[in-house]
Amino acid sequence: MNSLGSIFKVTSFGESHSAMVGCVLEGVPAGLVLDIEKIQQAVDKRKTNQTNFSSTRNEEDVVEMVSGVFEQKTLGTPICILIKNKDARSQDYDSLKQVYRPSHADYTYEQKYGFRDHRGGGRSSFRITAPLVAAGEIAHQFIQHYFSIEVNAYVSQIGTVALPENETLHWSDIDKNEFRCPHAATALKMQALVEETRLAGDTLGGVISCQIKNMPVGIGEPIFGKLNAQLAQAMMSINTVKGFEYGDGFANAALKGSESNDLFEFVDGKMKTKSNHSGGIQGGISNGEDVFFRVAFKPISSIQQPQETLNQANEKQTVHINGRHDVCAVPRAVPVVIAYANMVLADLLLHSKIKKS
Amino acid sequence: MNSLGSIFKVTSFGESHSAMVGCVLEGVPAGLVLDIEKIQQAVDKRKTNQTNFSSTRNEEDVVEMVSGVFEQKTLGTPICILIKNKDARSQDYDSLKQVYRPSHADYTYEQKYGFRDHRGGGRSSFRITAPLVAAGEIAHQFIQHYFSIEVNAYVSQIGTVALPENETLHWSDIDKNEFRCPHAATALKMQALVEETRLAGDTLGGVISCQIKNMPVGIGEPIFGKLNAQLAQAMMSINTVKGFEYGDGFANAALKGSESNDLFEFVDGKMKTKSNHSGGIQGGISNGEDVFFRVAFKPISSIQQPQETLNQANEKQTVHINGRHDVCAVPRAVPVVIAYANMVLADLLLHSKIKKS
Amino acid sequence: MNSLGSIFKVTSFGESHSAMVGCVLEGVPAGLVLDIEKIQQAVDKRKTNQTNFSSTRNEEDVVEMVSGVFEQKTLGTPICILIKNKDARSQDYDSLKQVYRPSHADYTYEQKYGFRDHRGGGRSSFRITAPLVAAGEIAHQFIQHYFSIEVNAYVSQIGTVALPENETLHWSDIDKNEFRCPHAATALKMQALVEETRLAGDTLGGVISCQIKNMPVGIGEPIFGKLNAQLAQAMMSINTVKGFEYGDGFANAALKGSESNDLFEFVDGKMKTKSNHSGGIQGGISNGEDVFFRVAFKPISSIQQPQETLNQANEKQTVHINGRHDVCAVPRAVPVVIAYANMVLADLLLHSKIKKS
Amino acid sequence: MNSLGSIFKVTSFGESHSAMVGCVLEGVPAGLVLDIEKIQQAVDKRKTNQTNFSSTRNEEDVVEMVSGVFEQKTLGTPICILIKNKDARSQDYDSLKQVYRPSHADYTYEQKYGFRDHRGGGRSSFRITAPLVAAGEIAHQFIQHYFSIEVNAYVSQIGTVALPENETLHWSDIDKNEFRCPHAATALKMQALVEETRLAGDTLGGVISCQIKNMPVGIGEPIFGKLNAQLAQAMMSINTVKGFEYGDGFANAALKGSESNDLFEFVDGKMKTKSNHSGGIQGGISNGEDVFFRVAFKPISSIQQPQETLNQANEKQTVHINGRHDVCAVPRAVPVVIAYANMVLADLLLHSKIKKS
């Protein structure tokens, strides 16, 4: 279950400290001219950066496409994407060999497989998303070739600091701060909270909001391949994600039908809805309105405080996690959310084409 | 994309007004003695019942297993489950042939396929979950044969009425009221709200909470087959679901790492965690604690009030939905949530077995 | 592994003596007007008929499509096809409950599943191909709607009687005799051989040749989805099939490259090859020439002579197979070969469309 | 369709002249200690060697496993296998850029994808089997860990020179000559034929026979996942394969049921069959006898003689294929046949385990 999609299909491989992380991308139509530079840029966006709130590792993350592309054009054959793991200071992790870090996947992986690569997160590391972001950017370029669909995401909450409601947001403001929050005042509050939390050796979670504009009508496959079901599965596979909702989401449970129904209207020669409680999806299929969803992340579990835990011999032990870790990984997850959404769309668009043509 | 699971795999078919709804269930091991009566009972639980809050249709929903079972034992071959659609009063729907009901899937299906069965919800009807509940009960019986895992679910919110926090709940109380809410005082409030809403010709959404006890450690498949990702996809495929969260869910975004980490302890010869913010899942794999998740449902869109909408000719039209419809379908979705959770577990258990043996 | 195809996908279910045999067909585009009569006719062609060479059972095999079709048009949703098993005289098989018929699947099924439906072949019966022939006819109608591809097959050998080489054959002659052999003189010899074999209580195998005309170029998916690989898998899944070859097949092994290469020529504005040793496939992809393949069938194992065998207690026993069985099932397999070829093509055409558009 | 298997699953990528060829192998259970040396040896066996009958390219083919293996043990996570394409003298192929070599995949690939990597065979090259042989050897090591199954293959025919019938053959003789033919006298005749053909600038096909000993009973999945169907699909995906047969194969078509039935006997406490016309498979499931199948290869199409063909402008052109090409690739395909058979078995064994435990 290392794959996402069925026609536009990506298969992930790699551990945080194996020689490489990578993926194989199938189903990209032949003859697509790739913008290699943009693929690298997308991956760079999820890298650990030099700001205070995230890890100081220098991950170069050079994307190599070793098959499926010839003279910058896709061949229609599988594209293998490789990123070398250059920074394997595995001795950093020696003290963790026998111990289970709280709320990490150490214990569950070891119980499942009877054996694990204790250096860093292994297969459960956030690092494995790097080549998938490259694949997502290829999905994006494929989509842009045929459609005007645009996917973007931003951080709407870090810890207890959330965007005020009903603010008008502009995509152009997202990258104006390191928190990828398109609201300057909120970003300042986030900065204060992150700094305070960093000093306390603690960590923060948050929420990413994602918006898809210019959706064509009719994308999504009943029953288990609903657009919302596919997005939920994809987002839930990102590290530390705890919740997914679309449209009005959990808040919708408290509304009445008369409040949450989206009435149709005919505007400028197009069928539209007056409101968008549905988040652009009805019966699992896009209705042409903007798709909107939110993804909740828990704080990362590698806090810089001593924690009581158990080792493999079931003995109590205090664990100090000394590696270089983020205070809040949510802003780094923004390009991952965008990438996965693009891959889900690319796959469903290819499915829909079949049905409609 | 009519299938859930890859080893224990169900494929759904049928429309609300086709001759039958059904499914094919593959991967059930041979030699399992089925309790046919309990399969019928599970399906009966999701039927429309005679209470005020739900539709008064008399759906008999007799489960027929026409293959894969011989002398009540599974053959290891595909089990086809059929339920006849007896009550096809399609003239009820004639007035809806040309019109798009607000927040229904009428418009999206027609745009996607260029053609739809306008009688009721067609493929997007809640009715198609009936045979899937039967399949889920087979999953349950398979699981019970090998494990002591128990799955249950209940209604924790209807409209604005929610269970009080930190109440001790007992599974035995779930079925004591028609709302499947294991808290008598809350159920009474739900009843009042439903009655009031029914008189207003309006509808209600809600939240279902699901708990899985006695989980073995190690269930869930990285990366895209995480236990939480599979559950999210399955739940998101249920009609009117708008959100999914597990463990602390969206609330986890506001906690610090030091607050949300679950510390290990060794109790009674077993590795346990002191808290369960994780909802029993770490790195997508069960850690042996109870799995806990919540599913948000929007109110059903068939309200009994006139609504403005458009017809196929893009003309304004007032629609009156006269069929027999539920005020709140959430309690009827409880057996569906249980069934889908059991199917996800059955599939992942079969996957895990391979890895561990 | 009850499915064939991935976009145009059929999932088989049923045993020879379960209530029904059937299949679920996914991926048929919406809005296709089905010729229901022709679907029934295709299934009738594989029925046991009244002639001497085949069983005298009266299988009515009425095809029911209980979902996915509305007013004779496909909805784009799964089509469930059911055929009732009317003639379940299971007492005919009581004597076979404890005994393993030679070269039947009794022993292997029982060893695999620890339990089997001893009445007839169960899941291994030729009967399960009936609904698949219906699905294949739907594939045929889908293909005909978009392409001029035509698939046909005929019996080229029964036992030791084979078509003479280099005869010009006409498809219109295939159904002129009960052997589906488009060569009258050969059919007469087949008749003599079948009659003689029937009297001896013995059975016969044979070879079916299949030809696909008007193939578009570019159909087939590298690497494991080659047109020839998909055809081979499909044909090998038909009961009693022992071999598959395409183009010059096994004879090609003895040729030199200079003898077996197909040289290109440009004729009437089209790229053609002067010869067709390749059987219309190069690198797993159709080249526009006729596709040609042959399928070898062993004689069916239910001979009317006493045979020594073992029972479940590993004791020697003489088995008399008294049921009504064919002398030679090969002519009845002709519509199955055609149906499976059509399904393989339908799936690959849908795959190819994606790549090319 | 770059994948083989569903639990033990390999996904192929790479072109003959891309940076690398490789594959991702999923489903290998965790904790398996790999013999890395043997993996390299298996790949070396399919390399072009220095003998007269095959190409003189010096392909080093160093196998790198860049994920899924830690301290020589499998992690239960995907194993990515890479082999660099060192010898990319693409100018050798410049003259072939606009021309379609007869019976190559040049024309079909270009028609399918509208664009191709003209350097060598691209995706259709035999070279892409190299990492798959490594994956097959991992399958072999997995199988050997749990079972005593042994797979071997040999060349039974080259051109018109075939093994005499009814010879007793010994596996230990297979590698005694460069033709991988376990019969010295026949190998000498093959040598003479190859030498003569090389001088004539021509090429040769042949037949590989494969035998699987110590098969457990019950391996194979009805209906479309029959052991024979899976083997056929896998073998058909190897370059230049034209036919597949198992047991008595095409010859079985001419036998009577009384001649081809395999009667059971009880020998040394085991159920056996007196003969093995079935090739160890009944109803698609192994019966415990040796599995035996044969694979027919056409001669490779790159002959060293001038050939008339067409170019992209549909103009006649004489093509001289000057690269370094094999006279007969069949001996080099022996390790590929073994590898693919091992992968099919590994996958089906994992499927069977589920059913039986």
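Think of it as A, B, C and D in the order they're written, each chain with its own count starting at 1.
Here is the rule we use: a contact is a pair of C-beta atoms (placed from the backbone, for glycine too) under 8 Å apart; a residue touches a chain by one contact, two chains touch by 3 or more.
As the structure is a computational prediction, the values presented were derived from the model and not from experiment.
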item: Repeat of interface B-D, chosen from A-C, B-C or A-B - more than half of residue-number contact pairs shared; value: A-C
item: Interface with more contacting C-beta pairs, comparing A-D to A-C; value: A-D
item: Approximate Å spacing (C-alpha centroids) for the pair chain A, chain D; value: 40
item: Between chain D and chain C, distance of the C-alpha-averaged centres to the nearest whole Å; value: 26
item: Centre distance in Å when chain A and chain C are each reduced to the mean of their C-alpha atoms; value: 46
item: Multi-partner residues of chain A (at least 2 other chains); value: 2, 6, 12, 30, 76-77, 112-114, 123, 222, 355
item: Touching residues (chain side chain D, partner chain A) in the complex; value: 2, 11-15, 18-22, 24, 26, 30-31, 64, 66-70, 73, 75-80, 82, 112-117, 122-123
item: List of chain B residues in touch with chain D within their complex; value: 6-7, 27, 29-30, 76-77, 222, 350, 353-355, 357
item: List of chain D residues in touch with chain C within their complex; value: 1-4, 6, 12, 100, 102-105, 107-109, 111-114, 121, 123-124, 128, 157, 159-160, 197, 200, 202-207, 217-226, 228-230, 232-237, 239, 241-250, 252-266, 271, 273, 277-279, 281-288, 296-303, 305, 307-310, 314, 316, 351-352, 355-356
